[in-house]
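Pasting a structure below so you can have a look.
By letter and in written order, the chains are A, B, C and D; residue numbering begins at 1 in each of them.
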Amino acid sequence: MKIDCGSRLSTGLIPAALVAALVIGGIAEVSARDRYKVFLNMSYSGNTWQAAAANGIKALAATPPYDKTVEFKTVISGTDVQHQISDLQSMIASGANAIILYPLSPTALNRVIKQGCDKGVVIFTYDSTVTEPCAHNVSNITARYGANTAQWMVNQMGGKGELIFNHGVAGTTVTKTYDEQAYGVFKKYPGIKIVGDFYGNWNDATSQEEVAKILAAHPNVDGIWTVDGTYGSLQAVLNNRPGRLVVIAGQSNNGYRLMLADPAMQAKGLKGISSSAGPAVGGYAFKLMMEVVTGKKKLTRSNIEYPLPWVEAADVKVCQGDSFVGGCNSFPAGKVAPLFIDTALNGELLPELGLAAVQEGKATPGARIEPLPDVHYADNLPGINCSNCEPTEDWLKPNRVAPIAVP
Amino acid sequence: MTAASQLAQVRSVAAGGSAAAFVLLCIMTGIYAVHEPSALSAFGISNLLNNTVVLALAASGLTLVVLCGELDLSGPGVMAIGNVVVATTSTGSLGATGNLAAVLAIGAAVGGLNGFLVAYLGLQSLAVSLGSLIVCQGVALLILPAPGGEVTDTIVQAVSGDIRAIPAPALIMAVTAGLWLLLKHSRLGVALYAVGADEPSARLSGLNTRTTKLSAFVMSGIVYAIAGFVLSAEIGSGDPRVSDSFLLFMYAAVAIGGTSLGGGRGGVLGTLVGACILSVLQKMLFALGVADFYTNIFNGVIMILAIFFGQLSAWLARARHRGQG
Amino acid sequence: MRMRKARALPRAKVVPEAPPVWRPAVGPDLVPALLVFAATGLLVVGMMLASPSFGSFDQLTAILVTAIFLVVASFGQGLVILLGGIDLSLGVVIGIGGMMVAGLTRGSNDALMSAIPLTLLSCAGIGLINGIGVGLAKLPPFITTLSSGITFFGVALGITAGSSQQPVAPALQTFMNSGWLGLPYPILFTVAFVAAAWLFQNRSAEGRKLYAIGSSPGAARVLGLPVAALTIAAYAISGLCAGLTGILLAGYAASATLDMGSALLMPSIAAVVIGGARVTGGSGPYLGTFAGALFLSTLSTVITALSFSQGLRDIVQGGIILIALLLQSGRLNLRHHRWRWAHHQQGGGLT
Amino acid sequence: MDVAAPPLLAFRSVCKRYGATTALDDVSFELQPAEVCGLLGENGAGKSTLVKVLSGVVAPDTGTIRIDGKPFLPRVIADARARRVSTAFQELSLVPALSVAVNLFLPRPAINRFGLVSTRRIEADAEQVLQQHGVTDISPSALVGDLPLGMRQKVEIVRAFSHRPAVLLLDEPTAALSDRQWLFSLIARALRDRTSILYISHKLDEIRALCSRCVILRNGRKVLDSEVAALSDDAIFSSMAGRSVGEVFVRASTEIRRGAKPVLEVTHLKGSGIDDIGFSVAPGEIVGVAGLEGQGQSRLFKALVGLSPLQTGAIAIEGVTVAIRSPRAARRLGVILVPEERKSEGLFTGLTTMANISLPVINQASRLHLVNQASERRLVETVTPAVKLPERYLRLSISALSGGNQQKAILARALLAGAKCLLLFDPTRGVDVGAKQHIYAMMRGFVRGGGAILFYSTELDELVGLCDRCLVLYRGAIAGELARAELSQDVILALASGHSGGRTRRANPRAHA
């Protein structure tokens, strides 16, 4: 199956390149050169999530057949949006065929992205989005993480209890969207009291500090809602009152997933959902982009939704090997750091990736790129993935978890 | 006598440090142009200028405060407020000019507050401006809690387009340089240098050191606001956090441009060159094929070398003079 | 003979040329520190009045535990600022410290005894490089440390890809999260650290020399103090403290990322300055820095306890910092206003 | 007294307190038109405060000042200038980073029709102003920071005169000035323009030469206001000090230990600003160095402790040739410089007096690197009696001390550091009479103990009174060497200004080339 797929890919390569040249248009040198010039433009760097995402992309770019057909280069722009603009310009000027980027701002890059599109560059963003319609956003920001996890927590808490609300990074669209959704859900249940809220900056250490301080003032907290910094938040609870844990929603750190599945922890009251944006969205976006570049796939809309990871305690399944095969979704404790993000891997969409791939950015030996299933287009979210557009009516409501009645 | 005036010249050039920085800029641009033929095309230059102008403006504002011997961290805060105000109101009834005026007023107010606390109450500028930076960021977040808003095309075109085939950013930087030269040779400019070089002497010489410092802060606040305004045009939207990362680069531009962070030496011309160096540096590294984490390493090393180069040339200039005299 | 006579004159007749009629129990340079301690107390009391759930013993302990990072980091920053310098590489070095200790221990306690010294040594080494740049090459501290921070961030990013793939040694986690006789180890550590830092900065011969160099570099040179060596040492200690902060932070969070120290850079500078030190060097006792660190940690807790939007939180935080500065400089204390201000108020009093 | 003429300046019951210190306590005096009035007092007596009050730097707490009968309440310098009160400050108020020309016209340099400061125009104006005041050796375009101290003082004085003031305050104008006659002629000319001058100085001969009347402050109070001619030196000194003071120079016998190896011997020293200098200082000897401003004396002293690079030459300490590359190396060899710029090179203003003194030996007062304050105090108290520094000052910040006591502390530090050879560069500048005596006594005590001193002073009478020998520098070389018997101010001056005296050897003929 794998081999079959690979050979089909390689034989189809040359016509595919020609098709791509036609589709993209305006780039005469594509056919002249035998490699696609592809850039990964990172902005933030130096944290686990970004590193895992970038490594996944790098590994895929080194996986056959892309190791032979893609000239891949990583550029780190840092947190300065003007730097990112400048680097994107440089990439466009140097004749890039495709650029995959983590945008610093949903709107600030629009102009340079438009410049790129006009020159025929295929531009994909991962996780974070831009409103320029010629770029493709691959993200699960539209998957209603805020509404779904909040509803899940409410259901688990029986509609009442004290809650800590861990915002992400202030001033970002993700935080604003998820906060709005989660608040909307929690507000419906008068029994839910938010006793503390803070901006954890998607950071475990910060979250741990802040939760520890709030717990000292509110010892009876029943639940913590997070987007990231989940493991840190839970650590604070474990240190403060190890005998009584909480209902919690958030990231997919390996340590967190293992705790969810641990019967001893469950006995102490730990109920958690592991969701939130996974670094694998980067790899997925890359694969999708390459399929577009090579002409295998045509996208009719700009925004693609990456499926929202959703792992409850019962779903946790520890892998024996180095990759997610057979539906497993976490690693044994000694194998990876507790903060390792399990959603860096995706057994269905990215079977090419193994542990080494997302840790070191190296291709898994023997792996070949496998085709992606059909995409799921995302809803519109004005100001996030489109401008001058209307959101779907129920964008604040959960679509994966059924609400319980207000007690 | 000629020896003394020569010495003065040597000193002023060396102390400005901008000559060394300028040579460095030319070298770097040369390397960039050799490796990237499109560098010197109209499009390439226009892009480069568009990328530089905001940092150049912000760092120029900072230079004014640094020259008079104080430090200022509030720049990104003012820029953030400027940006979100433009993004939330520019399509409204104020119009482009009214918008600019409002933003300038905000900048002047923040600068004025900093200046008052520093010059009249004797508080430390670093700490004061850190406080006002945080307050400004808060205000920006209140005005626009998440990226969004829209900047009217009038402003975008005026600031980032071409005016009679000359890129508007080039004009903005030229005007900045021109205004700086006027300021430098005005009484206020002389006072800035005097206060920065030796505040007690300046006071005993009859200068009003407080109003001088206050003016420096107010002027810098206004320049930050302009930088925020230009930034809005460059990115076409509002983002309350987008200016946060400017702070250290502003200081880097000032220092690379040869302005002493202790005050009294340097100038805005050097800062403009310094900002250009930082932009071209990024382009040059890209053109040389430096990618990934190496970019950081090269960035850091080249910044050190730029400063070292400046100091070395100043030292050589002095040594050569001493050898002659 | 006449000289001797002059000497025999009673002391009381000799002109007192210096002021001290009001002789406080503490040195005048400690006053800002005490005022900042007082401001910290005010914050706590104010919050306790506003929200009764605030200010329990547990919560105060929690504040102290989380203050440890800023306390340790700001000591190094304070030493460098004492010399009129600044260390902008601190945030990066904290990240490197955390990453190293995680990477070297690989989740087991066995390697801890070698990993900690090795980590501290490497971080001190980065500081050493900063110190050489500032002390020997005479490069401006601001740009030297900024550049070295960027450079070493790049190096670390290249080596680690940005995040530790290993958990931190459990012993370190235990240390950060448990206690002895009801007192968390981090608080005991903080007490010991503060005592050592104070002894070094304000009671040791080397500390004295650092003040001397910061106070007048020219005089230090003429007197033949080892200016370059002490400058290098101060930056190395700053690197060491940053590394230690990184180790503690990694132990606390059980894992490490390269960017985890960046949030501490500005507060570390602010703590020193709020404590009464001047950025031009040569002033400010260590207790001021400690007070500043404690104040900022408490402030962040108080801000968290207010359920505001981030915008309002920032405004309150910035505003309180400004008020603390006014308080610390005595501007809000009307009895002790300084002559510069008094001059203007009383200038018209001549009639 | 001339009762009929109304006073130009009337100072009535002025009080000024700084915190708990009373700087001026009910001081009243008058200044008549076209008069030079001397203002005397030890450091800390209130002279500087009085100057600051008159020039608008500080406002008095109570009291009135009138000029021409109208109230005078300057709040800033500019107010005082507007009422034609102008000051040459002791601490020099020139901005080093600016040119002489700009400094002369601060705060309002002339501007052209575009509102810009025209460098050419103000330099031309400055050239003219300098020439009008008899200064030809300073370029208006030179940066003040590049000028030697003496020239800076000249610029400061010219600036004060150039405002054509009605009241001119000269605060220690000759502290760094070598050419006093130039100043005296300016004063004479100003008097002809009916300017009244308040002349502050420690130098009694200047007061006698210039002033008809003098006011003496002590402890912030006026203690004497009388015709100068009617006062004996002793009366003036005792009014200033509140006690009688010993004779200025008592140096009856010499302490030179002949035959012993010279403590310091230098041969053929060449470096920037110094040209083939050689001399030796024996134990117990005070060797003076004289020279007009900028003749290499500063470089020489710095070169001896490794602060200024040497091209050739050898330095031997007690007969052993040594390499001195840093002040640290010099200190280990017992060679200690008491520097020219007390404020920037001598004092650690952030430290207490005690810490200032103990700094070089602080490790000796430490156990386990922690300073033991008791042993620090014991160490410091071994040297403070030698300079007569009262122990109650030890706990204060050194910046709170008067210039004299600051200098005593620096000298005490040099002694404590184990000096065998002291290099004193103008140690009595800005030091009051009483403290000067203590410094002289300390110098005598030091050589009596076998130490050697190289002593530069701008005050020739000190050199004449104290030195065993005196080297006169001219253009970086030794123009002559005078034995004790030959020492006189006239001979020194003649040599120093390039006229070789008949009896002295030409140390280096090339120096005049």
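Everything below uses one rule, namely that a residue touches a chain if its C-beta (ideal position, glycine included) is under 8 Å from a C-beta of that chain, and two chains touch if they have at least 3 such contacts.
Just so it is clear, the structure is predicted and the values come from calculations on it, not from any experiment.
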Ask   = From chain B, which chain is the farthest off, judged by mean CA positions?
value = D
Query = Which chain pair is joined by more contacting C-beta pairs, B-C or B-D?
reply = B-C
Query = Which whole number of Å gives the spacing of the CA centres of chain B and chain D?
reply = 43
Centroid spacing, where centroids are CA-atom means, of chain B and chain C in whole angstrom = 29
Query = CA centre of chain C versus CA centre of chain D: separation in Å?
reply = 40
Note = So, in whole Å, the Cα centroid of chain A is separated from that of chain C by 38
Junction residues of chain C, two or more chains touched = 153, 157, 309-311, 313
Message = At least two partner chains per residue is the criterion; list those residues in chain B.
response = 140-141, 145, 292-293, 295-296
Key: Residue list for chain A, restricted to those that touch at least two other chains   = 45, 76, 170-171
Note = Listed by label, touching pairs are A-B, A-C, B-C, B-D, C-D
Inquiry  = Which residues of chain B touch chain C once you look at their complex with the stated criterion?
reply    = 71, 117, 120-124, 126-128, 130-143, 145, 248, 251-252, 255-256, 260-261, 292-301, 303-304, 307-308, 311
Request  = Over in the complex, which chain D residues touch chain B? Could you list them?
outcome  = 55, 57, 76-78, 81, 87, 89, 91-99, 102-103, 106-109, 111, 114-119, 138-139, 141-143, 146, 272
Request  = Can you check the complex and tell me which residues of chain A touch chain C?
outcome  = 44-48, 50-52, 54-55, 76, 167, 170-171, 194, 196-199, 201, 203-206, 208-210, 212-219, 231-232, 235, 239, 255, 334, 336-340, 359-361
Chain B to chain A touching residues, read off their complex = 36, 38, 43-44, 47-48, 50-51, 54-55, 140-141, 145-148, 150, 234-242, 244-246, 249, 279, 282-283, 286-287, 291-293, 295-296
Query = For chain A, which residues are in contact with chain B within the complex?
reply = 45, 73-76, 78-83, 85-87, 89-91, 93-94, 104-111, 169-173, 175-177, 383, 387
